[in-house]
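There are two complexes below, and they share chain A, which is joined by chain B in the first and by chain C in the second.
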Partner chain A sequence: MPQSAEKALDHAPLFCEPEYRQMLAEKKLNFECPHPDQVVSDQREFTKSWKYREKNLARQALVVNPAKACQPLGAVFAAAGFERTMSFVHGSQGCVAYYRSHLSRHFKEPSSVVSSSMTEDAAVFGGLKNMVDGLANTYKLYNPKMIAVSTTCMAEVIGDDLHGFIENAKSEGSVPRDFDVPFAHTPAFVGSHVDGYDSMVKGVLENFWKGTARTEATATINIIPGFDGFCVGNNRELKRLLDLMQVNYMFIQDASDQFDTPSDGNFRMYDGGTSINDVKAALNAEWTLSLQYYNTRKTLDYCRDVGQAATSFHYPLGVEATDELLMVISEISGREIPEAIRLERGRLIDAMADSQAWLYGKKYAIYGDPDFVYAMARFIMETGGEPTHCLATNGTSAWEDEMKELLASSPFGKNAQVWPGKDLWALRSLLFTEPVDLLIGNSYGKYLERDTGTPLVRLMFPIFDRHHHHRFPLMGYQGGLRLLTAILDKIFDNLDRETMHAGVTDYSYDLTR
Partner chain B sequence: MSSLNAKNKDAFHELASEKSGSKGPKARLRNCARPMAPGTAVGGCAFDGAKVALQPITDVAHLIHAPLACEGNSWDNRGAASSGPTLWRTSFTTDLTEIDIVMGHSERKLFKAIREIKDGYAPAAIFVYSTCVTAMIGDDIDVVCKRATDEFALPVVPVNAPGFVGSKNLGNKLAGEALLKHVIGTVEPDEPGLCDINILGEFNLSGEFWQVKPLLDKLGVRVRACIPGDARYLQVASAHRSRAAMTVCSTAFVALARKMQERWDIPFFEGSFYGISGTSEALRRIADLLVKKGADPSLLHRTEILVAEEEEKVWKRLEAYRPRLEGKRVLLNTGGVKSWSVVHALMEIGMEIVGTSVKKSTLEDRERVKQTLKEENLVFESMSPRELFSLLLERKADIMLSGGRTQYIALKAKLPWLDINQERHHAYAGYEGMVQLARQIDLAIHNPMWPQVREPAPWEQALVV
Partner chain C sequence: MSLKYDNDSDFHAKLIADVLSQYPGKAAKRRSKHLSVATSEKDAGEDPNTISECEVKSNIKSVPGVMTIRGCAYAGSKGVVWGPIKDMVHISHGPVGCGQYSWSQRRNYYVGLTGIDTFVTMQFTSDFQEKDIVFGGDKKLEKVIDEIAELFPLSNGISLQSECPIGLIGDDIEAVARKKAKEHTTTVVPVRCEGFRGVSQSLGHHIANDAIRDWVFDKKDLKFEPGPYDVNVIGDYNIGGDAWASRILLEEIGLRVVGNWSGDATLAEVERAPRATLNLIHCYRSMNYISRHMEEKYGIPWMEYNFFGPFQIEASLRNIAKHFGPEIEDRTEKVIAKYRPFVSAVVDKYWPRLSGKRVMLYIGGLRPRHVITAYEDLGMEIVGTGYEFGHGDDYQRTGHYVKEGTLIYDDVTSYELEKFIERIRPDLVGSGIKEKYPVQKMGIPFRQMHSWDYSGPYHGYDGFSIFARDMDMAINNPVWGLYDAPWNDRASAVAVA
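Now for the complex of A and B:
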């Protein structure tokens, strides 16, 4: 045995020891009925071919390795951005366990969500009783200021009516009459987590705004960040910029503190978030800006309906997109963009110029949520890179059109391809047949990295296998710097690995780059 | 849904008839399959339980028949290890949309998806899982699987455990049912041996079963099937020719073990590979059962020799850790077999247990906790994050051992924490595992970062003085 008390091996190296290797090889021989090595390697080669790619992309009934989550997950994330708000998911309990682990694994923070734990009885007789009991228990146990209700597929298939149910529960005394229980129907067989986010934010606004008339518009700007795995860094960075500009603003849905509580010996079930008073006051804002279009379509329509001006961005990353955001804010607030921000911008551009030779002409594959892929493609073209494959499992044909328009606007987008609705197994074929230099996406890309040898830059949600990325901003000029550095690090690390073999490849193993 | 109903009744019935323990079937049912109260904390669903229990069968394609996210939210989230195929980690789902549901296309889509898997991946078998939505709209996956099996000459196995029928626990059992009904006994092995065993309910997390297997190899005991950890379809299908069995996580597969005993006369026992005496006992009982079933009696003697040798070695190796761990206070928030086996293992090296949870534990598990700990009030059911937080502080724990979802509770209490559930990155089984466990606890407790975390900022200290 290779283990000893002085030198206890972790599991990664341990099972590489010869004893274990042999044991595992024997298992293969005795129990796997393995195909001959030749057949296996032929098959492996085949999956890299154009022919396989065609078959793979033609798949209709089967999704393999999806890059999207479902509506209620988005709703749960949205609810976490309001003061002392407990998410209550009406449906069977299993889904909720997934949302909690998902958020917890990404943010490295506890995540509290409850479910109405519907069972077979509820499937037959409807989930009213679960709602009545569930709201009562949640109210008693977790002392929230607000309970945000969303649904899983199950409740949607039965057709449970949330509004009626909540009214019923209130009459039965589950929660006080005037207690706030905003809700959103979030059937997961439609759309994805970004739609769930949209519905929940809209549900919260409606809860507080409905039936209230707008008084004279105040000169504030509402900002809705959208579903953002980097909200911890991003929201704080944006607030810093807005403070520098001395703008009156209000974040609607701000999960940055909820998912980044300090270690000081206190347990916070809730932290930060937009306060209920602020949400109420936000009705009178002049403008509502959304930082992500596909996350907030319905919400923005609603804001317009109540009389606000509204506009949206696609996840403002990089120079131009940040310029645009700041200019819009400056225009609607009448505030100048101060010198300090001008200097920041200059520094980002300087950095891009310093490194341009390393970035020019690099090819990328990007996957993730629609707004993010859009933003990333735009930034990459700013650096002289080519976004060869842009893929969003939850991308629609409208997104496809918008992407194409963006790509057509730059010579670097000339050869780019857009892949709405495709999964990561499709991307695998794309990477084999039309390889790129770098892959940008979430942690699930590590299998593509392994299979295709394309280095992965981890961005967006979820990132399970690296720590703390979400604490740093991607938005704004500072965020641009961080993005740039992340990409460059990957390029240089990779170059070092390729050139480190003494006497063989190390003629390019350089100290200065 | 009526057929489903009947099947679940069966599983419930099975739960209710579990032997031993003094409580009646009703109470038992409440214990094991009781749904969570609405609006309290939540655990996984039956579908999750079934998938968890079967997915580590590595050369099988696991197809989730559902709207996207039952799978989209959860694929590849467990750390079982495979010595070969990666297929089990690939996520397959039918991604049902509103149109499929409204138009009633879902069964056809499922059949097509099965074909696409067969064409694209040539798996040893395909397991098809129903979920809440597909069960509710009345999809009959049994029929689709049957048709696919016939048409493609490939085992296509239905797993009927939609989330809403109950807890993760129940899902584990339904998974066992599926194996029993469709897989085990369908393949005859070429050369069954007198020393073949099955290990049931061992997940091979972080490869930990590989630390136990060499011990069995040394004894000439062959693991015909370890279900599910690092299993191959053929192993599972021929598991009925083993001579004896051990269940490791009883919660998951004890019912399966019992039925295999009834059907194929395979005697079994419930054991654990955690801790020194736990491992030794398991080896002895395996040997004992095999000999009773006709293996060469010298096996008993050889086992004693091996146990003596290994125990001596491991105690020697643990000496390095004992003075550093003796008297340290541990709180366990885990479930099932670990609620007693790890407790026992830690007590063996002189640690003090200040609490252990018994969620997801069978009655037998609970009995054992009681026997091991003696003190009733150290045992608790699952609790809310805040209660857990208070408990850690009240009982002055030095460390919490739990799963990932509660890790941050310990960390917010400024306490060290170690993962002993499915996401852990170290293997704790067998004699080897005990050393690793001691080492990891030692590292966690004695990390120089803790004083830093616990003391106030220097300027605050200055104010106090």
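Now for the complex of A and C:
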């Protein structure tokens, strides 16, 4: 009997006990009807080959382990960045359970979202009744200032008209006539979560800006962060920098407090976020800056349409991208970049210089959302590393072109390959045939780490299997330090793991590095 | 262990009235049918184990616009029943999201080479685009199956898990399944588990069971020698290795487990199930359908059992053994006797730390009732319980477990649950990931009772000591004493100084 009362063996050690090993071996032998060992190991070897890679990359219909989610997730995340806003997803309710779980598992925080709970009858007759009853219940029970409505693929396939439905619900008294119910159509079979983010932010802006004339432009700068699993650390870091610069700015969509509420005995269903008054006032800003272009394409067009100047970044990370961000802000606000920030910059450069030898020539595979992959590749090249595989399942051909331009700008990008639309099973083949030293992406990469032995640096969204990473910034020079340290830790941990076998690999198991 | 206690019926009835008063009239009326307080059993003579009754309306539509915790039929089929069958590829057929959100989120432990001969922790999707909605996805699905055959040749079958659009646009996935099964000489199972079907994940379980009946059973000539002590373990999904902790015990009493459904299961184990002599069903809700079918068609009796906590483990083992006669019964008594000192040691260690602690549960499947006695084995009391997607027969069975005055809530909304928790202030809440963080913010210890908070197993004797340890570390964690900043009480600090 392996288990004891004194020290309960959890799953990991328990199933290493001989009793369990034997039981599992017998189960396999007698009941599982496995393929012969030789057949399995042959197939395993085959999947590492160039031949398998060719077949794998030639796939046209099957998608395996994609690095993208569907639109409504992005819409739900976007809505969480506005003050006292309840997300209302029009469609079947299971989707909402998935979005809430996904966000909670990443942030380790509550995620409050309601559904109109459509079922078969709604599929036949449409979901108007669900919208009318649902908005009334949400309004009464959860005391929101705003209800942000998005759709699932079900509501989109049957063609429910959100604008008409919301008007109907208002006429029936579900919510007061002047209560704000912005909406966005977010079909899951179009684009990905980054597009859902875009649609919802645009929906909120339209709700408040449409039909309102811009008064004389003020000097305020609107900042749209984009879908960002590190919004907690990043948004706060950016605000700190902007405060140091004494810039007049406003975040449009800021989920940093919503996904980082304190534990003090109270559950706050809502916290932080851009207020309705601020969204209204944001119409009069001179500039709108988006930190992630591919997350905000429609929103940026809309901002330009209303008369704002707008520009965007690709998730600014590292030295030059942060320099650019600050210089643009300095230029459009007329504020100097203060000495304190120059010193921060110098400290990041100092750290990079101190560690350069460990980073120079290292090869990387980077996957994730298009803006992040762009930013990460740029930072890797700053450290003297080579971004070898750059993959975005939701990357477009325009993204591919931009990536190639970036990679061509540095000798370190010479051997890089860009993989728009490919998934993580394709990346597996790439890693076997053209290996790299480090893999950068979300938690789903842990299977690639196991299969190919490529150490994984966990960044972005979702990170399910490590805690609290998102509380630290990646942006700004401080964020650069955090990135640098994360990569270096992985390199040193890996070197230690490879050389820690006493009496065998004592060499290189150094104390001082 | 039969703990004697009653809950405060009047207080709980008032709580129900209070939360209902906050709803708009129509919703209040609908929700009122799902909330109640367990009453004492009027007909105790009929079943001596029944200690109370808890009647609520269940398995009906959720109220729109309130935060239900329920999932959908796809979650029931792909996420629960089919997903853990490890040597098959399960296609999330439709847009990318459903497969992505259910990817590796249940801890169905297995042993195998992922991507080679095992596929549980992968996400296969047909990634529907707009053109697939407009022109239909059957052609694409055919191609998806061909590509799977080429890239994953050691997969022993494919299931097609339909997402919402499939049913809405009228794709004929059955025809695709038949065609491709023939072409590739493999098992292809179409499952009509679109998320809008039914009112929760529950219908997905039923549909998944029906698909096993219609597309798996009796399709092959099986080479298999049945034995006199062959059983199937049904409805154990091997969360954190639960099914293994159960299997080792069943083997110890002399049984042969020919199929583990569906945690760490292979298609072969499912195919051979009709040859067993007894079906042992743990999660009644998700798998009673196929058990009933096997009883009707193959004459295999089925029996519910509960492997949470020593009180139920002993009762279940004896009940199972009775089916097989004296030889197994003798072995079972020896096994029970062997574990008694271990059980005593666990209880002796944790009882002083846990007795009298009050627990509220809100979970799915079988756990809202099955774990109750495991808590009571440690001296803890259950003040409230309810099911995400239970049916009337689940609540009938719950009567065997709960004490009079227990608060019962079906398809509870997050609003109700939070209010109940706030007013009752239990010592522990056991529910899911969506409930975990709001409860912890309130300063109340919490355990995820779908995923065991990534701990486990909880089944069987090996699981019981982990269960006890986990409840202790949740409840007696020093962090709960740190919630109030000391300067909130500055006057007294000065006085002490």
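Convention: the second predicted complex is superposed on the first by the 513 of 513 C-alpha atoms of A that agree within 3 Å, B and C clash if a C-alpha of one lies under 4 Å from a C-alpha of the other, contacts with A are read in each partner's own complex, and residues count from 1 in each chain.
In the analysis below, a residue touches a chain if its C-beta (ideal position, glycine included) is under 8 Å from a C-beta of that chain, and two chains touch if they have at least 3 such contacts.
Everything numeric here is computed off the predicted structure, so don't read it as measured data.
Engineer: Taking the superposition as given, does A:G126 touch the first partner, chain B, the second, chain C, both, or neither?
Structural biologist: It touches nothing on chain B or chain C.
Engineer: Applying the document's definition of touch, where does A:G384 land relative to chain B and chain C: first, second, both, or neither?
Structural biologist: In the superposition, A:G384 contacts neither chain B nor chain C.
Engineer: A:P435 contacts which: chain B (first), chain C (second), both, neither?
Structural biologist: After superposing on A, A:P435 lies clear of both chain B and chain C.
Engineer: Counting only touches as set out at the top, which of chain B and chain C does A:R44 meet: first, second, both, neither?
Structural biologist: second
Engineer: Considering each complex separately, which residues of chain A are in contact with chain B in the first and with chain C in the second?
Structural biologist: 1, 3-6, 8, 10-11, 14-15, 19-20, 23-24, 27-28, 31-34, 43, 55-56, 59-66, 68-70, 73, 88, 91-95, 97-102, 104-105, 108-110, 112-120, 122-123, 130-131, 133-138, 141-142, 152-154, 157-158, 187-190, 192, 261, 263, 265-269, 425, 444, 447
Engineer: Along chain A, where are the residues that touch chain B in the complex?
Structural biologist: Per the stated touch rule, the residues are 1, 3-6, 8, 10-11, 14-15, 19-20, 23-24, 27-28, 31-34, 43, 55-56, 59-66, 68-71, 73, 88, 91-102, 104-105, 108-110, 112-120, 122-124, 130-131, 133-138, 141-142, 152-154, 157-158, 187-190, 192-193, 261, 263, 265-269, 425, 444, 447.
Engineer: Taking the complex as given, what residues does chain B use to touch chain A?
Structural biologist: Those in contact with chain A are residues 1, 5, 8, 35-48, 59, 63, 66-77, 81, 83-85, 89-98, 100-101, 109-113, 115-117, 119-120, 122, 132-133, 136-137, 163-166, 168, 206-207, 210, 213-214, 217, 230, 232, 234-235, 316-321, 384-386, 389, 404-406, 408-409, 411-414, 425-427, 432, 435-436, 439, 453-454.
Engineer: Taking the touch rule as given, give the residues of chain A at its contact with chain C in the complex, in rising order.
Structural biologist: 1-6, 8-11, 14-15, 19-20, 23-24, 27-28, 31-35, 39-40, 43-44, 47, 52, 55-56, 59-66, 68-70, 72-73, 88, 91-95, 97-102, 104-105, 108-120, 122-123, 130-131, 133-138, 140-142, 152-154, 157-158, 187-190, 192, 261-269, 425, 428, 444, 447, 451
Engineer: Going by the contact rule set out above, which residues of chain C touch chain A in the complex?
Structural biologist: For this pair, the touching residues of chain C are 22-24, 26-27, 61-75, 87, 94-98, 100-105, 109, 111, 113-117, 121-130, 132-133, 140-141, 143-144, 147-148, 150-151, 153-154, 156, 163-165, 167-169, 195-199, 201, 240-241, 244-245, 247-248, 251, 257-260, 264, 266, 268-269, 272, 338-339, 342, 345-346, 348-349, 413-415, 418, 432-434, 436-443, 455-457, 461-462, 465-466, 468-469, 483-485.
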